[in-house]
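Two complexes come next, and they have one chain in common, subunit A, joined by subunit B in the first and subunit C in the second.
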Partner chain A sequence: MYVLGVGRTKFGVLTETMPELAYQAMYNAINDSPISIEDIGAVYVSNFLGGPYEKQLHLNSVVSSLLPELRLPIIRVETACASGSSALYQAIIALSRFENILIVGVEKMTNASTEESSQNLGMAGDRLADQTQGLIFPAHYALVAQQHMEKYGTTHEDLELVAFKNHGNSRLNPLAHFNHKEVSREMIKSAPVIASPLNLFDCSPISDGAAAVVISKNQKSDRDVRITGSSLFTDHISLSHRREHTSLEAAKLASKQAYEQAEITPKDLDIVEVHDCFTINELVAMEDLGICKPGESKDWVREEKTTIKGEVPINTDGGLKADGHPIGATGLAQVFEVTTQLRGEAEGRQVEGAKIGLTHNIGGVGGTAVVHIFERRG
Partner chain B sequence: MYVLGVGRTKFGVLTETMPELAYQAMYNAINDSPISIEDIGAVYVSNFLGGPYEKQLHLNSVVSSLLPELRLPIIRVETACASGSSALYQAIIALSRFENILIVGVEKMTNASTEESSQNLGMAGDRLADQTQGLIFPAHYALVAQQHMEKYGTTHEDLELVAFKNHGNSRLNPLAHFNHKEVSREMIKSAPVIASPLNLFDCSPISDGAAAVVISKNQKSDRDVRITGSSLFTDHISLSHRREHTSLEAAKLASKQAYEQAEITPKDLDIVEVHDCFTINELVAMEDLGICKPGESKDWVREEKTTIKGEVPINTDGGLKADGHPIGATGLAQVFEVTTQLRGEAEGRQVEGAKIGLTHNIGGVGGTAVVHIFERRG
Partner chain C sequence: MVFECEDCHKKWYYDVKVCIFCQGNVAEVVPKQSTVRGFTKVAIPSPGHSRVPYCNLLLEDDYGNFRIRKSFTEYKLGDLIEETPKEQKQAAKQRTVGLIGTGTMGSGIAQVCAQTGYQVIMIDRHEEIARKSLGKIDKALSKTTKDELKKEILGRIKITNNFYDLEHANLVIEVLTEDMELKHEVLKELEHECSQDTIFATNTSSLSIDGLSQVLKNPGRLVGLHFFNPVPKMKLVEIVRGKETSDAVVNFAQEVATEMGKTPVVTGDAPGFIVNRLLLPFLNEAMDKFSDGTSTAEDIDRAVTLGLNHPMGPLALTDLIGLDVCKAILDVLYAGYNDHKYKPCKTLCEMVEKGDLGRKTGKGFYTY
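Right after this comes the complex of A and B.
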């Protein structure tokens, strides 16, 4: 199984509608591939909040309208913030039936107020046990950060290092939400508190955007990237049902299975995209993925091992934190970045000699976890 | 590929929450099958409006909470009113990876006002071209009815016959939304107009409910029902982009493909479940499925060919019209009925000697169409 093409829009506060964004990403992905739209056998659409934000569900039919001459099977997949990777996971399974599949993820989030966004994003959490108790997502991840700090001696400075790295990387990514201005350590440190210990720079932004990926059962060109692992696991939605909070069990299960499928270990990874919806989650991800041992992620960021020139570069596009987090598109934007890196086409942010990459996409606080592994031997 | 078990809740205005309904249906389907929950490799969840109605998305993780000891891949699928069948379609493809799969569809709709329901249901239509112009679903299907009447001489009395048959059938289905009272021709005829020519009895109700299906790659018992056809097609979302309105192109494509897969013709069908969200759509479905020729559906209902004792019994459970339409569950409730009939377990509404059945599930006004064919040779 291969990635034939990737495409995306800029992420940020955009003027385009949801269908316009989806169209741009699909168009770019098809143009990036060696095949044409007529070769596509099925389409998967990932989107989280089209209903609550834009009063538009049934997005598979909306996407059908964007392909006027084609009558295809198109399905929408939703698993909160992991929707993009879940659609990819599903599409990979469907390669058992179709030769080529297009996956498009889209989200339009910036037409609403902060209050609406807070309520809408809360739909990824448990309504009865968590949401109605005020446990919105910054509070969720603040609990994770508090426990990580208490258990391992992680500090807010460590989180600041994650934000600083990712904002630095996004300056090298022309499509990133935060590409336009330098972010200093001082700006990060002095930002207003959102949910202690997390401040504004620990949180990913509300973004519009779309991303698309074309996959195939068979290789079609030298630029294609092989998909060697694809795994998805779910866990209880409410934090009140979890055994521990400094690790996400579904992510550990998904990465273990994906490594087995790809026949690699974390030491083989050259480039990694993780779900840093909050900075603390980049640290948790490093540990869940086995890149470092539990509690050691703070040491890795202090030693700059995850920068573009480090041992295992993480979130070279800026991550959710600085590239942006248009939810339905996020998992596919991770694939865009890994594919671009493995092809050696990442220009200013290129990781030299990258051959194996991984994407880690999370829904809620680990209610869904999806891991994919990619390989390209040039 | 086989259906091993089916389960559902009563449909109607229920006191249970969305997770409680899903749990009941899953429990019933597993108990109806020869396997246990530990044998399940993956779960698909279908739901349309959990976000807008219940402020709960990420339902795959909610379902994970209902299976506390299991860590499975679970994915939510949404394609408006075709969500249930789309999840089944997807699950059938995933039998390439998993031996046994559970599909559960759920919808909780009755906690909201009529105004909210109208807006929420409208999310299945095109927001820009149709919804904001007042083209809500009763108006959509009223246009279809007007054109069908003009083109073929269909009358409102023909639609009344559909409602009368389906309400009669639901009296024989103890789980139906409208099981409790006799509905007369006079009540149907004199009901208030909703969108001319459609009156109240042309419209399916707002229901709560859940349904679940267990499928497997291999047969496990004599009660299993073989899945011989599975097809899904999409079409443009806006009616303004359609070539014609008295037929749904996606439904014609899906049924054609499903018949080819099953190697049967419409003449072989013993029992059919169609998407009668409005009575006119039962007539359109009969024509799209090739059960009769275009324009002849009115003659078939006049001649009572689609009653339980007729040539091709349609909607023996009462259909969406009288069994109810808890959207995410609807497509799977159709599978519940066909499976029950093919097993000869439908009691008072049993179609004698039924061996081949079909389900026809529609999203929007044909933006999505899914057709499945089932067979059991006793």
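Right after this comes the complex of A and C.
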């Protein structure tokens, strides 16, 4: 199984409509691949909140409108913030039937007030256990952060280091939401509280955007990147339904399975894209993926081991924090970044000699976890 | 809207710009006319489509492309409908609207005009005050509009203190304080500076259109265009037809109000028009009820919001409007109709005298 092409739009507050964004990403991914749109056998669409935000569902048919007269089998996949990777996971399974599959993820989020956004994003939590109590998403992860701090001595300063690194990386990614923004440690430190202990700079932004990936059963060119692991696990939707609050069990299981499939260990990773919807989740991800031991992620960021020049570069595109988090597109944007890095085409943010990459995409507060592993051939 | 690839002729109903099949340029196809191929009359309202019945037409244009259109006019199968050419669509948007007065209402109207696509000229004798209100519009837009679009909208608003800049305006709306003499002076000046085709409108809520238009050589060109606060949010515009106001001017006012996304209602020139004539006696009654001491302000407001389904209670609303403004309108109604039911109640008069005018002074029926 191979990635033949990747494409995306800029992330941020954009004027394009949801269909226009999806189209741009598909166009770019097809153009990036050695095949044409007529060679595609099926399409998976990933989107989380087209209904609440844009009053647009039945997105598989919208995509059919964007590919006139092809009348392909197209299906929408929704697993909250993990929708992008879940669509890829599903497409990989469907390669048993189709030679080439296109996956496109899109989200249009900036046509709403902050209050509406809080409500819409809250739909990734349990209606009864979380939403009725006003547990907005920053609050979910604030509880995780607080537990992590209590248990391991992680400090807010460690979270600030994650935000600072990711904002720095986004300056090297021209398509990133905050590519234009110079962010200082002081700005991060003094940002307003959203849900203690998390402040504004601990949260990923509300972004519009789309990303697309073309995959195939067979290799078609030297630029193709091999998919060696693909795993999806789920868990109770609410944090309160679980006993463990400083790690995400589904992510641990998904990464374990993906490592087995790829026959690698975390030590083999050259580039990692993790789901830093909130800064704390980058630390939790490092531990869940076995990059470091539980409780040691704070030491890793203090020692700058996850910068582009570090031991295991994480979120070289800026991550959800600074590249942006147009939910349906996010998981596929991670694949875009890993593919670009493994191809050696990441220019200013290139990780030298990157051969093996991993994406870690989370739905809600760990109710869904998807891990993929990619490898450059030769 | 239909878009077609100039090379392979595939069609889209979205502005995709470039063809995913052959990388050709994709351009909009603009039809000249359409034929009604199907219709249905919808009897059930839904959000955004509350006025029923309306028709949904299935139209086929001269390129053989179909589209759905909502219409309040009924058609038969086979009827021809002229499509508005692109240039004309833009022409409607290229109206120039002048605004005299840059307070809350003035800047609200300016914002909505600019958002509609009109060129806006804001006039204040003190340019600085006008600039301040431009800042207010900027701030208001920032909450809902993306930077790029905001820039475009703000780019349509010009600020000046010269009436002769209004020479070619299609419409000039006067949004000054309710002072007959001041408004007379401005109207005379407008008539002197503007072209004969410029239509004049007043946002007055309490002065008579006939009283205002008497200083004009052509009183038929003045119409009442009464917006509600906050202008970007409130859907209603009262169009007030004076005795002399011409039909063409009333039609034009309706057209502009509709283009601005508002719903116009037309009323004759009688004190309070529709809304204030109904609202003020109600507020007056609520204040009277409060002063008899049998209910608290909170309970009166709660009763009205929950029992009558009003979004806001009458005493909170009075505080928001300003007690002085409420009293002034009641005075106009009382004088105009000479009916005791409009007489400002004792509590209102006393509070205005004391200077407790509501939110703006920090104290009214509530403390702020």
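Quick notes
We adopt the following convention: the second predicted complex is superposed on the first by the 376 of 378 C-alpha atoms of A that agree within 3 Å, B and C clash if a C-alpha of one lies under 4 Å from a C-alpha of the other, contacts with A are read in each partner's own complex, and residues count from 1 in each chain.
Note that contacts are C-beta pairs under 8 Å (C-beta built on N, C-alpha and C of every residue); 3 or more make two chains touch, one makes a residue touch a chain.
From a predicted model like this one, the values you see are computed outputs, not experimental measurements.
With both structures placed on the common chain, the touch criterion links A:Q133 to neither subunit B nor subunit C.
Touch criterion met: A:S36 reaches subunit C, while subunit B stays clear of it. When the two complexes are overlaid on their common chain A, residue A:T155 makes contact with neither subunit B nor subunit C.
Look at A:S221: by the touch rule set out above, it reaches neither subunit B nor subunit C. Residue contacts after overlaying the shared chain place A:M26 against subunit C, while subunit B stays out of touching range.
Counting residues of subunit A touched by each partner, subunit B versus subunit C, the larger count belongs to B. Of the two partner chains, subunit C is the only one that A:T15 touches; subunit B does not reach it.
Of the two partner chains, both subunit B and subunit C are touched by A:S65. When the two complexes are overlaid on their common chain A, residue A:T368 makes contact with subunit B while staying clear of subunit C. Touched by subunit B in one complex and by subunit C in the other are residues 17, 65, 68 of subunit A. Considering their complex, residues 13-15, 17, 19-20, 23, 26-27, 30-31, 36-38, 65-69, 110, 113 of subunit A touch subunit C.
Subunit C meets subunit A in the complex at residues 10-16, 18, 20-21, 23, 143, 146-149. Of all residues in subunit B, those touching subunit A in their complex are 17, 48-52, 54-58, 60-65, 68, 71-80, 86, 89-90, 93-94, 96-97, 119-120, 122-128, 131, 231-238, 241, 249-250, 253, 363-364, 367-368.
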